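This report refers to the structure that appears directly beneath it.
Chain nomenclature is as follows: A, B, C and D, assigned in order of appearance, with residue numbering initiated at 1 for each chain independently.
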Amino acid sequence: MTDNNKRELTPFQEKWHTIIFEANTPAGRAFDIILLVAILISVVIVMMESVMPLQEKFGRLFHILEWVFTIIFSLEYLFRVWCSYRPKAYITSFYGLVDLLCILPTYVEAFYGGAHFLLTIRILRLMRIFRIFKLVPFLNESKQLSLALQQSKRKIFVFLFFIGLLTVVLGAIMYVIESEHNSGFTSIPVSVYWAVVTLTTVGYGDIAPITPLGQAFSALIMIMGYAIIAVPTGIVTVEMSRIRSREDVDRRVCPHCMREGHDANADFCKYCGNKL
Amino acid sequence: MTDNNKRELTPFQEKWHTIIFEANTPAGRAFDIILLVAILISVVIVMMESVMPLQEKFGRLFHILEWVFTIIFSLEYLFRVWCSYRPKAYITSFYGLVDLLCILPTYVEAFYGGAHFLLTIRILRLMRIFRIFKLVPFLNESKQLSLALQQSKRKIFVFLFFIGLLTVVLGAIMYVIESEHNSGFTSIPVSVYWAVVTLTTVGYGDIAPITPLGQAFSALIMIMGYAIIAVPTGIVTVEMSRIRSREDVDRRVCPHCMREGHDANADFCKYCGNKL
Amino acid sequence: MTDNNKRELTPFQEKWHTIIFEANTPAGRAFDIILLVAILISVVIVMMESVMPLQEKFGRLFHILEWVFTIIFSLEYLFRVWCSYRPKAYITSFYGLVDLLCILPTYVEAFYGGAHFLLTIRILRLMRIFRIFKLVPFLNESKQLSLALQQSKRKIFVFLFFIGLLTVVLGAIMYVIESEHNSGFTSIPVSVYWAVVTLTTVGYGDIAPITPLGQAFSALIMIMGYAIIAVPTGIVTVEMSRIRSREDVDRRVCPHCMREGHDANADFCKYCGNKL
Amino acid sequence: MTDNNKRELTPFQEKWHTIIFEANTPAGRAFDIILLVAILISVVIVMMESVMPLQEKFGRLFHILEWVFTIIFSLEYLFRVWCSYRPKAYITSFYGLVDLLCILPTYVEAFYGGAHFLLTIRILRLMRIFRIFKLVPFLNESKQLSLALQQSKRKIFVFLFFIGLLTVVLGAIMYVIESEHNSGFTSIPVSVYWAVVTLTTVGYGDIAPITPLGQAFSALIMIMGYAIIAVPTGIVTVEMSRIRSREDVDRRVCPHCMREGHDANADFCKYCGNKL
């Protein structure tokens, strides 16, 4: 993509651009690995901070480490802006916003305080890992997976929409059956929640039918859910199988029109009609 | 289908018929979208009415909105009868009955009162959404899904029948094993309910085995259920795969060697090299 | 199968043999349907007898109906022996034993009494339904299903064996981790039961980890179980797909050797080399 | 593999090597079966020892049997070292270490005592069963299964990695939503544990959402988990299908037209009709 809007970078900026935004140089790869480790450690700290006994014991250490990582990520953010070809585009991009969102909470907490839950936003740092994977070529597999999911997206959407309607109707029916005898089914939304818990075979048991009719109807819903799970499985399996078999396709290139994609049993090019 | 029984409509009626019953004009599409929104809002109100705190606070508002939607749907129903080619056929059709069932509860409740649960019938308005989808062509995918399910219907029926027999036998055995030591397994029907909960891997935990023999037998049932789930999945996947591959195959025959099986993007026969 | 051991039947016996053991005459089909209904009703009675409130109210009626059905099934059993070509073979066959086992409990209970749980054996009458299905040709589908299961039997056995070993090891590890802090994990067998409940995603919640290490390890087991379920699904899907595609195979018969099973793109018989 | 490092064995040692390390002689097979039975019994004893009532009653018997098996396995270990071509390689191999680990706990417990949980290590004896299976040729199926799993290893790793990230983010969100109203969601790690329990459809119910927002969000997670399970299933099914179809294809090439793709039961080329 040729793009006239991109600004000129000094050779020094360009060198850093390669290191930070790309992964095909040793330095770029090293940068990604260091960033990955920093993200993982900082996320583990965020998680441990929420555990009361650990917070009481190591609270001070967590606090210091948190600031260390926040400063590291802040510097990284400024560096990305500085050596980007289109700084504005980076700042307003999805990953640019995530990058900002991952450092802001610490500053906001420091100035205003009390924003306990705000700090949890920092867990979104995990999403930054996906960018690293996008760059690193070693995970070719994830492409295939996401391709299969993308191609079955529409079918899965229709399926989930149908599941949504179904659970509302099933929940309402169970509300009528159970609500007078059971303290669990207090309203239709709660019954719909129960229907989802049951149909997906999660089955917490926090709400469970107690009337014979309710139990019989629940059993029907469960068996339905047991059979319905076949649908998304079928959708994804078929798409994956297609992607996989496309890979298998003969790698022969037509010597005349240079195009690929011939079947294994083809003798002539299907595009130009010449002998393969 | 040419049909002599259909009555003559005035041009005015015919115009409305197109809007209400079809979706290939801008007006028809707009009508469908308005109806879809009205259905969804009215269903959300039905759900919220069942939540005590909300009902106490906004009960009056819900009551008014409910009547607004009931009148809208009533007018729509009369309109459908009025501009239908075969009014009787519409009224006695499945969707005609659903349409009527979705407005009646509010009137019955107003005249007789006390019919608290009757109002829940209005949740069936959700089923009207399926009619809208039937008209709108943008969900081609749902056809493929339902075709796959229809073709595997018989196999899935046999499977569910077998699951039904199996759970009765397993439930009876667990009743014999557990009922004297466990307050949960009070009767065979309850034990069958438990067997369904277990075999489908839902696992509420409201009833759970406590004797060693019962736990060992339950473990067997679970592993069985874990393996059996493969059956409906296999059935549906195979059917979907067939439907999907049928789509892919081009029906063109080579005019020279008369052979089939060409890819959709082929311009020349892959067997003899002649133009397709 | 020509068989010299089978005894001579009178024409009267032979007529009844056709009715009872076969299903290709109207009388035979009617017999099967009546038997099916009788089995289902008698099983429902066995189930309802176990429900205390119903037993107290309709106990007498159940008792009478139970004797009616027992006498019907006893007569049927004697009839089957009487009009069988090989009575001894019938009596010692699997279904012959099931038939006997389904009527004995009522007599034993009448003479010795107290055999409360013995009566539950009568639920095995359900197994007799399979014989009826075996005769009736309308369930061709079940053959395909059972063929797919039979062909994947060995793989599924290996899989279940592996699951068995895995749950023992996982259960033992969880016993070490949890048993001192948790009243649930009282012994290794109980922990193995818990491992089965978890790995198969049933998840009763009657026993659940409470230590951080136990919860972390459980999370690993769950994700493992989530991935492992793919294995039986894959096995069965592949077998079903093969059976289904074999069906699709060209129905052409070689005009020379009269054999079938040719591929759709075959021009010559693959058995004798002649033109198809 | 010709290997100069392997030491010379006396004919007597070689005879025992064949018996112990191989399975293609009657003696070797008998040795494997005896070992298999001994392992299974010793594991059952380890399990029963952990059950308090059984331990109190049969503790002395268990103790004696445990020593019997420990001595048997110790002798077997010494024998394996003695008749191995490369004793050091055996001792430091994976199975060599497992063999040692399975006998050590009993001795350590005898000398130092108090090592109650140490004894549980003996359950690892089960892993020795895999070695026996590796030798025995009768389980060809397990090779196919493990091949399919190996080929889908990378994709499944990517999938599990994604699931890991997802559950951390979902757990953190639920922690923010529920932790102030619910005694269950005490910290982010516990919430992540809950997210795994929910996403994998295990659903213990030891921790369950109680706020309306939390329940709505949980319902989304469940439906997500219900759809996501399709991914590993799809991966494994596709790989199995490929392995299975590779088996079916005959590798013969027609000597006349040089084309492949003949069925295993074909005697003549299906393209040109000549003898294969």
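Quick note on the criterion: a contact is a pair of C-beta atoms (placed from the backbone, for glycine too) under 8 Å apart; a residue touches a chain by one contact, two chains touch by 3 or more.
Note that the coordinates shown come from a computational prediction; the quantities given were computed from them, not determined experimentally.
**Student:** Would you mind working out whether subunit A and subunit B touch using mostly the same residue numbers, over half shared, or mostly different ones?
**Tutor:** different
**Student:** Look at the interfaces C-D and B-C and say which one is made up of more C-beta pairs in contact.
**Tutor:** C-D
**Student:** Between subunit B and subunit C, what distance separates the C-alpha centroids? Give it in angstrom.
**Tutor:** One centre to the other, that is 30 Å.
**Student:** Hey, what residues on subunit B touch two or more of the other chains?
**Tutor:** Expected reply: 159, 189, 192, 201-205, 229, 233-235, 237, 241.
**Student:** So how do the chains connect up here, line, ring, star, complete, or something else (other)?
**Tutor:** Complete.
**Student:** If you look only at subunit D, which of its residues touch subunit A in the complex?
**Tutor:** Touch list, subunit D to subunit A: 154-155, 157-159, 162, 165, 168-169, 172-173, 175-176, 186-189, 192, 198, 201-205, 208, 212, 215-216, 218-219, 222-223, 225-227, 229-231, 233-235, 237-238, 241-242, 259, 261.
**Student:** Using the touch definition from the top, list the residues of subunit D that touch subunit C in their complex.
**Tutor:** 43, 46-48, 50-52, 117, 120, 123-124, 126-127, 129-130, 139, 141-142, 144-145, 148-149, 156, 159-160, 163-164, 167, 189-190, 192-193, 196-197, 199-206, 229, 232-237, 239-241, 244, 262-263, 265-275
**Student:** Going by the contact rule at the top, pick out the subunit B residues touching subunit D in the complex.
**Tutor:** Touch residues, subunit B against subunit D: 201-205, 233, 237.
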